[in-house]
């Protein structure tokens, strides 16, 4: 007999890239996006970049508080989120400003948030984008829960099979980091989503660092994508600075989810080019060399090269994007700063805590109002 | 190029069995244990079985409270724990009575515990066996922490390499169930242990059920052993009703840990033949057929057949074990019931909460003493 | 009481198909206390979800379900294991309405068997309600009998905000009470007077209500008339009834099974000192669990407030010269 | 204060090689507040462990380390994330001595930056000490300045039982204080009088001590003399000093940044009512954080007790006719 045999893993577990460093492309995998969409992706990536650069200055000037820049991860975010429909759900962590901008979140709201006003967390009535979640990894259970309700309703409506799976359900996409993979909540949510084949796309932005902890200090696992094996879930590991790759991977995962075939773990291998947050000093723990290396793989540059090579856009297009983006950022800052003045009524702290506040909390509110 | 490639998992991930259902053995893997040790294993397995049978009666009679029987899992426990030295650490959950008996825990203490007396949790001064841990999976972080200290001391003493790894360290063995694999704590502990190559053996007793939830309702993962992939840890899946297999797997894992090569995930595929605890009624959720199937693979019978086939023991040996075991159980019950009488001073609830109790807690104790 | 809870769940699931029950062993098994018996069979594996063994995602997925428009009622098997999911309550369930400026809300219920008295194992006898009560945005309810359990659970499921619903397991099967044929929906914002008297105010909740009432009955024979208040909802605290009563009686004893120090009685005392100070005629007595881990079951009754301790505290408080 | 904490850690690590520091970013980075700066370099990657991002195993592995004879000092990056590891404290750290009948003990310290006031993000301004204070077997310490932080941390590390050490981050760098050359080991079982007076007793801890002292200074100009007590250890509560003071002054105000309801003041009030009832001449005032989530930083100062609120409460209490 064969008393000792290897355990076969019967799951798709793949690594992939589409663009190389020179902006050349693998034709088999090129998603063939149309020019308008590519331009829009380039625009939002640049917007996120410029917005962060501006915010870093505002923070230095003390005009806003600390925040987590997205710089370097624009392709991981825009490539993935752009695979969603508007009616799909987004469950972010705290670094997803490029996702937020893609989905149409107001930049001046974001600035209000950065300036410490709860009002900045405003979400449009029909929006399916959850608010920022700061406790690392704790948002993944929410994504699973939303996915559960989608699947349940799908089953109840007779769409799909008895597991609620079938064509055309909404999809949930959730974002988290390399560090988050160590958290228990992430494990529990991945396991639950796979168990019930929920329509969730798990986007792990492996930006190499969790504050000062490198991935190698986080786990002995050779890749993060292989963590999917623990849940019987397919895993994809893609070049996260290659927006075509992140888009292809996400589109595949979204299609799988929509078709009722369950969740996918997508690892985007990328890099946090800036500080963790403005409270952080990376020079203490990482080499400038490493940052320089990654600069060569800048996701915005690579998309630009691709578009130029393919004659999809030229320098004047990019200049035009650049100037419209600058204007947008400037307008948002102006707008936000005007709003700073109006806000800050201290009694606002009592807003939205309860649907119906208890009498003694109302009394506390009146006390604060009295003090002014 | 190859833009889309499979991720290779560079880890040992194996399935193994030694005994077949007829007690025949794979010679390559037969650990060749000597007769005395086999007899001792058989004795403790039977002791655990008879002890549980007696406890089930005592519970029905209301003489003790609820407990979790080990029946069916004796090989998973005795085979693994017997690979340890006395100076190694054991970190159990709440179902490890066969482990406890192998390690020499007093049966009358166990009965005291079952009867609701904190005194029953007594642990000998030099013992390295942790007390029972009831919150599922939460004991695994402790095993990692103990392993950490072992490795740290090993490194500090110049034994082993700079990672504290090398020959001859103590080892920690921890036990948990299939249900526990869903808990965040288990994930976090496995990840940490693999990250720092700690000398821990993770014994997962997959007894097919977590109360009423079958493994298939717990995870979509085809095996539990493959969960090790998430941590870059080797995994072994063994027939948990085959004491030679559990012993071989555990010995391999213990040797790996002792040599400083880090943790192993050992999945013992076994079956909970009895109730979850005496508060449970399995007829609600599982077929008696299933239990019958597994009875044919009874771990005690299989060891007996093996020993008979190899002329290591005959009917009279087994009879002798049976009668000595019965006597031991009877003595323990008698002893425990005598102790029930002596105990129960209500002020005993204040014992051992603090090294030095605060004055107001002392006052509470006096109040209880006054009431008597 | 367990039947009343099951009835209430059944009524809610029948009336509103967005109600989802989830937790460990709540499905096929019907729950380790049988609170969800029959629901899986009737409503199927989506409405009644036998979850993996993982408290954080049980609570956390419930948060997501509620955000997506469902009304999850999750069960944590024992309140002693709720701490594994507590961060999801503190960091999310209680905050999502606030954090999203009202865009999303979290109408969920977390049910948990709670308290001591059933000869169970370690961690199965906990009463740390104060941990939930201290979190803004959470409502913490502890029913004291079948009828109130059914009505309060119905209200909890309808609540627009998250409710922690602690079920004293020692009264799951300890006494029976008629419940009306028609569903009742309780009020989550009010305490209830369960006995009238002028000599002393007694405040209790959960399994302690009955013990307190029994002590009050006994003392009535000695001419001590107790005003007994069943808090029902621990937080937000309905101070009005307690304050009114204490102003009238001038004497108060609070009975709870939780540990004394930093326990819930402190808040009640603080409110009384703030609002009834000048009417108080004696120190307020606390009859509580002690400041030790709940002992294994051979001693659990000695840990819990009993009739003797309650009566002794009442007498001492009433006899205190003012 | 951050330097005093670093000094204390350094002293403990030098003196006792079983002391292990662990947590997220405590190693190479030296901690997000720099509390552990230099330790990794000096003591290496075993004594100073940059852990994975996983609070449950940070606390849980510390429990195991302590069982194995080490003295772990783990850091949770902010107390607002401590709930992810709380079950390890409640279910194990606080219970292992008791559960093992004294065979094992858990001499560990869980350090966490705590409280509001540094213009930080959500969850970075929490003050829910009552959750720890309510657990038997845990000691909860909150220092109020450099010298006490150093001495109390030294005592915490030497403590035979687990200590939750909450560091008010708003005073990490807000003022300087001389610390003696020689290491000091504080007392974890006693509160400290930081100002003497006969008119009113003020009880505070952590960052609120300074605000309270400042208010007291101001009122001294008006002839109101405050007896100010720095609790230092919230639990076990040193009631003796508070009771003695309240019996003398007859008037008390308690200042804390935690939410008011079911917050720590309740316990202090309960003890005073039990032990100083007949000497109390006015209701006890609570000056606290409100019963809402700590608002984002634009409003956090309005959430926190400030000099005005403290002074107003003192005046009202002192002026109350007895």
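The chains carry the letters A, B, C and D, assigned in the order they are written, with residues numbered from 1 in each.
To be clear about the criterion, a residue touches a chain if its C-beta (ideal position, glycine included) is under 8 Å from a C-beta of that chain, and two chains touch if they have at least 3 such contacts.
Please read all numbers here as calculations on a predicted model, not as lab measurements.
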Identify the chains adjacent to both chain B and chain C in the sense defined at the top. A, D
Greatest centre-to-centre gap (Cα means) from chain D is with chain B
Pick out whichever of the two, A-D or A-C, is joined by more C-beta pairs in contact. A-C
Inter-centroid spacing, chain D versus chain C (mean Cα positions, whole Å): 30
Expressed in whole Å, how far the mean CA point of chain A lies from that of chain C is 40
Whole-Å distance, C-alpha centre of chain A to that of chain D, is 36
For chain A paired with chain B, centre-to-centre distance based on mean C-alpha positions, whole Å: 42
Two-or-more-chain contact residues of chain C, please, as numbers and ranges. 52, 54, 56, 80-81, 84, 87, 91, 98-99, 122-123, 136-137, 236-237, 261, 291-293
Numbers and ranges of chain A residues touching at least 2 other chains: 118, 132, 135, 138, 182-185, 188, 191, 195, 217-219, 353, 358, 360-361
What is the shape of the graph in which nodes denote protein chains and edges denote touching chain pairs (line, ring, star, complete, other)? complete
Considering only the defined contacts, which chain A positions touch chain B in the complex? 1, 3-7, 9-10, 13-18, 26, 28-29, 182-188, 191, 194-195, 197, 217-223, 225-227, 229-233, 235, 237
Footprint of chain B on chain C - complex, ascending: 24-25, 27-30, 32, 50, 52-56, 80-81, 84, 119-124, 260-261, 290-293, 295-300, 302-303, 308-309
Spell out the part of chain D that touches chain B in their complex, as residue ranges. 17, 20, 46-47, 49, 51-52, 54, 56-57, 59-70, 72, 87-88, 91-92, 96-105, 136-137, 160-161, 189, 236-237, 239-240
Can you check the complex and tell me which residues of chain C touch chain D? 80-81, 83-84, 86-87, 90-91, 94-95, 98-99, 122-123, 128, 130-131, 133-137, 235-237, 258-259, 261-270, 273-274, 277, 280, 282-284, 286, 291-293
Report the residues of chain B in contact with chain D in the complex, numbered from low to high. 89, 91, 118-119, 121-125, 127, 130-133, 135, 138, 140-152, 155-156, 164, 184-185, 188-189, 191-192, 195-196, 351-356, 358-361
